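Pasting the structures in now, so scroll down.
Two complexes, one shared chain (subunit A), two partners (subunit B, subunit C).
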Partner chain A sequence: MQKSLNIDPGKCTGCLQCEMACSYEHTGTFNPSRSYIKVFTFHYEGRFAPYTCTQCDEAWCQRACPVDAISVDMMTGAKVISDDKCVGCKVCTIACPFGTVNYSQATGKVVKCDLCGGDPQCAAACPTDAITYVDADWTGYDKMMASASKSLPSAEVTA
Partner chain B sequence: MSWTRKILRVNLTKGSCTSEALNMDWAKEYLGQRGLASKYLTEEVDPKCDPLSAENKMIMATGPLTGTMASTAGRYSVITKGPLTGAIACSNSGGYFGAELKFAGWDMIIFEGKSDKPVYLNIQDDKAELCDGSHIWGKSAWETDDILHATYQDPQMRIACIGRTAEAGCLYAGVINDKHRAAGRSGVGTVMASKNLKAVTVRGTQGIGNIDNADSFFESTDAGKAVLAENAVTGQGLPAFGTQVLMNVINGVGGLPAHNMRDVGFAGAENISAEAMAEPRKSDGKPNLTTNAACFGCTIACGRISTIDKTHFSVKDKPQYHGASGGLEYEAAWALGADTGIDDLDALTYVNFLCNEDGFDPITFGSTVAAAMEMFEDGAITTEDTGGIELKFGSVEAFVAVTELLVTGEGFGKDLGLGSKRLCEKYGRPELSMTVKGQEFPAYDPRGIQGIGLNYATSNRGACHLRGYTIASEILGIPVKTEQTDTDGKPELVKAFQDATAVVDSAGLCIFTTFAWGMDNIAPQIDAACEGDWSVDNCLEVGERIWNMERLFNQAAGFTANDDKLHKRLLEEAIKSGPTEGQVNRLGEMLPKYYEIRGWSPEGEPTAETRQRLSL
Partner chain C sequence: MQHIIIGAGPAGVVAAETLRKADPEANITIIGDEPEPPYSRMAIPYYLINNIEESGSYLRDPKTHYSDQNIELVQQTVDKVDVTAKQVTLADGSSRSYDMLLIATGSRPISPPIPGLDLPQVSSCWTLADARAIIERAQSGSNVVLIGAGFIGCIILEALVRRGVNLSVVEMGNRMVPRMLDENAGGLLKRWCVDKGIDVHTSCSVDAISAADNDQVDVSLSDGSKLSAALVISATGVKPNTELLDGTGIEIDQGIKVNRRMQTSNADVYAAGDVAQGIDFSTGNYEVQAIQPTATDHGRIAALNMAGQGSEHQGTLNMNVLDTLGLVSCSFGLWMGVDGGEQAELYNADEFQYINLQFEGDHLIGASSVGKTQHIGVLRGLIESKVHLGDWKARLMKDPTLTMDAYIACTQELGYS
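Let's look at the complex of A and B:
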């Protein structure tokens, strides 16, 4: 079964546990500046939004890479950067419509979410289930159920 | 380790920034943040100095856990000699600034001297420089934050700064970080203004990678997070209702002071409670509360993010207040509301926004206005003094008007910026200032709740609930219930809470964790992250050492047992009605015992034996 990260911004409190977990997994340091997932704060609206790579099936980054440095992890479906091949040209960062592939000054390579090999640490660290790792076919399940509950004649719904 | 082992020393007189090694011998005795920075302060600053002179220093300090994945580990403190009290001041703040300072590679910044022109400090990892701040002097904390973010084009930069209130000389101005978190009490922002230091901007990309024992660190922090999630207060009450969950609770048990502490019990409490914040309002169908929010690393997320009713008179023509920002916490709602007799939730939220926007302490401000209201009522203050404002208890319009005056120190706002002690002295009614060591009481009446009165009287930074939150035990039964109107066992309770709190602060954690965590949850997290012995026993000894060190600083500054007292109103004027009717605080039954178990003389001075035991 392929799984996907599923993000519900409404549940995010802005604690940045995900950024710390991600950076620790990939760099061995608690270092949000090197996290592949970012939480954005919209102060005036009182909203928080975690954001990272959605692992496109036909990935723009992969197509754009001139040195074939981006491959598919066959176990997870993640698009993974090979540091050995990446030359730091940044073309993938231009190709990605979502901005979730980024250049790292620290390594001279691009970096992006690799789903931690199938055990994404951001989801494990999130205290509010704003980030979960779920069956890829059912990322809309919670929203669908919430919406379905509104279609019931009575309000007595238990999830 | 977890300490970066580096201190940034900024000499504002010379304009220099230098790096020096952290004194690790002191780190092992004082842990970090509050404890360690207070150690530096006591070593480097004359306790008798004028707090607003170049002689005083101001330290921004993180703890060894700050910036790690331990829950709530994002806190920093501002430590200095406070201008409101003349005592040692340590104001603690959350948000993201503290962790960013750590990621830039610094355990603390020591500011000394005084700049001859407005400056701000810009830190980019190892690089630190003082920059001309003339263009941001005179701006609010919100404007300053926006201008500096625009200057550096870096949304990830974190900023701590002062607003106009500090510049105007208000004695209880705070340091605001991330726009709505505050090192709020005791006037630490006033000290920053006196040094002509407007802001500190920081960007850190180095991270923290030197956890002493990573396996046991994750084991103990994961266990700690599970305890917080399963606890009713930290797992449910605080995220849903914030600290405002207390408004109706404390009012219900006869512990909510009102009208400058003349009364206990406030009829309008429900209207300004957490429950009221969740009620949809008529104008747009939205509640006051937009969402809860976390500070860095916090898995509790008690923060309130609120909006004001756009049709409310206070903000009707002011679109800059129509967005969401930091909303009412319990202490602010009490001081701004119950103590002034005001139950208008939107007005209180607006005043709270102004506290954030320009950086001043809502507890001291609300209590100072309440004292002014009582003096206005009996004629000691008149409309001639207030510039025509009818400053009556419960008057929303008057309250909003004087708050706007306070921000820039105009007219009667200048007087209110003195704090209640100096204000009441100025108008000839010193007995109406509800303070200990010159700092105003928070939101728990020491007549109805005995132990908190002893904690207020002995708190090293003046009246404060955050030095020993015995409410946890006396009202909420955490970790064990003690009878709120009993004095038996309270000296022991107060000492235990005060010492433990010093540890929590000094680690870089939030005190709200202690609704669920005991020292047996906390010590293992410190022990795993830091080299050295951080057993429960050693942690508590460090806490006791910190408490006594602060006490000795105050003693050298001129404080005596005579300053460990409560107001006559609280000792002699019994509560008139409600569940705690007839109660006064019985400080005299508790204080001698407290001195004894602290190892202090009957005059309240740590004995030679105690100092030796604690290596002081």
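Let's look at the complex of A and C:
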């Protein structure tokens, strides 16, 4: 069964272990500024919210790519960037309405969550289970729908 | 069911793929007039700097993709569309019948009325053939004049500088990229380019180009300057290739008018991409956008409807992103604001940083930025989702860098589960 990242901001303590693990996995350095998952801090609310690509079915990034550099990893369902093909044009970074594809000045390519090939290091590093990697069915269809109905761009409705 | 798609750019290819998914049994034919396999003009600047081979611009792997998907590729010019007989006639005299037709013929560079524009040293930068001609003439150390500092001009600008040419840029507007960036942002871009040694002339036009010795040309500008150049590139805008539908009775304005289903005024003919004049998300008006994300969105919506799966879109959002010698700028929607709206701005000219947000009520309706590369897509999300910002509007007015935070707070459950 396909799995997906389940993020529960209520459990996040803002320790940033996920950012450390992600940047180490993808760049070989402990450098949160190059992490593909970001923890946002809400001082007024006293909350932390880890946020990264949801590997959405729409895949705006993939469709907008002019050079076919984004493909679906059949094993994980992740939308994955091919560094060999990416020319760094950044069209995907404006096409993704969730803001989770970003340009890396360091590499001249775009970067995004690739689920670490099926063993996401953010989830492995999270000490409080705020980030878990679970069967896609368990990420809560109702919760997903509620959040999607608030957050999905209204680019299209089916008549 | 026979679907014919005229045009092999991103809109046409995405439409063909969407049709194949929606209707596994259909016959799908793409007819394109350029000799190369379907490719992306967006990739040409990266070809100019040897970042990719010519094949790196191909939209898909031409060896396998189209045959795997059972999409027929025909390299031919279409001479005529007969919407009564539902037939297209090709340049070789053959004709083909369609049940559903998609016009995705794109656009082409406009030729400003400048004497000498037909000289061999003058080129546009639109096709792979143009790119090859530019590579030939834009050698390191040669003088190059670029007419137009719009979006396309600025993308080529970067490639030309990286090729090591001495570059002059001539733009009629009072700033760079005037149709994508406001005065602050466009001004930053100009200063950035001048700092990098580019000769930038704004509020200026080219009066004439004339042949000179040694295969060079002389370029006279309206500000009195005279430039000598080995190559002049004209990038003053594009216009939709609508001519195929002339005389068919199908409604054409600036582009081919299409409804929310990408259908033209003829029920069996659709249009998508640069050639189509569809609904703009922000204004609700019919507008030609000529941008890659709109082309692919159009292609997809058109295909779903051609396959009988009713799908309407709420209009495409105008947006652009540009990297000018390392300075990234972008704009979305109504970045120039609306009457009665409010704006939040952060402008740090010394550091080349700029963010401008435009609000109407507690909605974000437009945005632009310079020097920002992280989470810029969320500006699209905030605008297109029409999310009520509530308290977050006041926070954004104070600190416009908090757009990603605002989006998460307004759309995700932050509480304990």
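Following the convention adopted for this analysis, the second predicted complex is superposed on the first by the 140 of 159 C-alpha atoms of A that agree within 3 Å, B and C clash if a C-alpha of one lies under 4 Å from a C-alpha of the other, contacts with A are read in each partner's own complex, and residues count from 1 in each chain.
As a working rule, a contact is a pair of C-beta atoms (placed from the backbone, for glycine too) under 8 Å apart; a residue touches a chain by one contact, two chains touch by 3 or more.
From a predicted model like this one, the values you see are computed outputs, not experimental measurements.
Visitor: Touch test for A:Gly99: subunit B only (first), subunit C only (second), both, or neither?
Guide: After superposition on chain A, A:Gly99 lies in contact with subunit C alone.
Visitor: Taking the superposition as given, does A:Lys90 touch the first partner, subunit B, the second, subunit C, both, or neither?
Guide: second
Visitor: Classify the contacts of A:Glu45 with the two partner chains as first (subunit B alone), second (subunit C alone), both, or neither.
Guide: Both subunit B and subunit C are touched by A:Glu45.
Visitor: In the overlaid three-chain picture, which partner chain does A:Pro127 touch, first (subunit B) or second (subunit C), both, or neither?
Guide: first
Visitor: Check whether A:Asn31 is in contact with subunit B, with subunit C, with both or with neither, and answer first, second, both or neither.
Guide: After superposing on A, A:Asn31 lies in contact with subunit B but is clear of subunit C.
Visitor: On the superposed three-chain arrangement, identify whether subunit B or subunit C touches more subunit A residues.
Guide: Counted on subunit A, the partner with more touching residues turns out to be C.
Visitor: Using the touch definition from the top, say if A:Pro66 reaches subunit B (first), subunit C (second), both or neither.
Guide: It touches subunit C, and subunit B stays clear.
Visitor: Determine, under the contact definition given at the top, whether A:Ser23 touches first (subunit B), second (subunit C), both, or neither.
Guide: first
Visitor: Could you pull out which residues of subunit A sit against subunit B in one structure and against subunit C in the other?
Guide: Subunit A residues touching both partners: 45, 47.
Visitor: Which residues of subunit B touch subunit A once you look at their complex with the stated criterion?
Guide: Subunit B reaches subunit A through residues 67-69, 71, 96, 99, 103, 156, 179, 203-209, 225, 229, 239, 290-299, 301, 303, 305-307, 323-325.
Visitor: Name, in rising order, each residue of subunit C that touches subunit A in their complex.
Guide: Per the stated touch rule, the residues are 10, 14, 40-43, 46, 51-52, 56-61, 281, 292-293, 296-297, 300-301, 309-314, 316-317, 319-321, 323, 326, 328, 330, 332, 373-381, 384-387, 403-405, 407-417.
Visitor: Which stretch or stretches of subunit A touch subunit B in the complex?
Guide: So the residues of subunit A touching subunit B come out as 13-17, 20-21, 23-24, 27-34, 43-48, 106, 125, 127-128.
Visitor: Subunit C touches which residues of subunit A in the complex?
Guide: 8-11, 38, 40, 42, 45, 47, 49, 51, 60, 63-64, 66-68, 85, 87-105, 143, 146-147, 150-159
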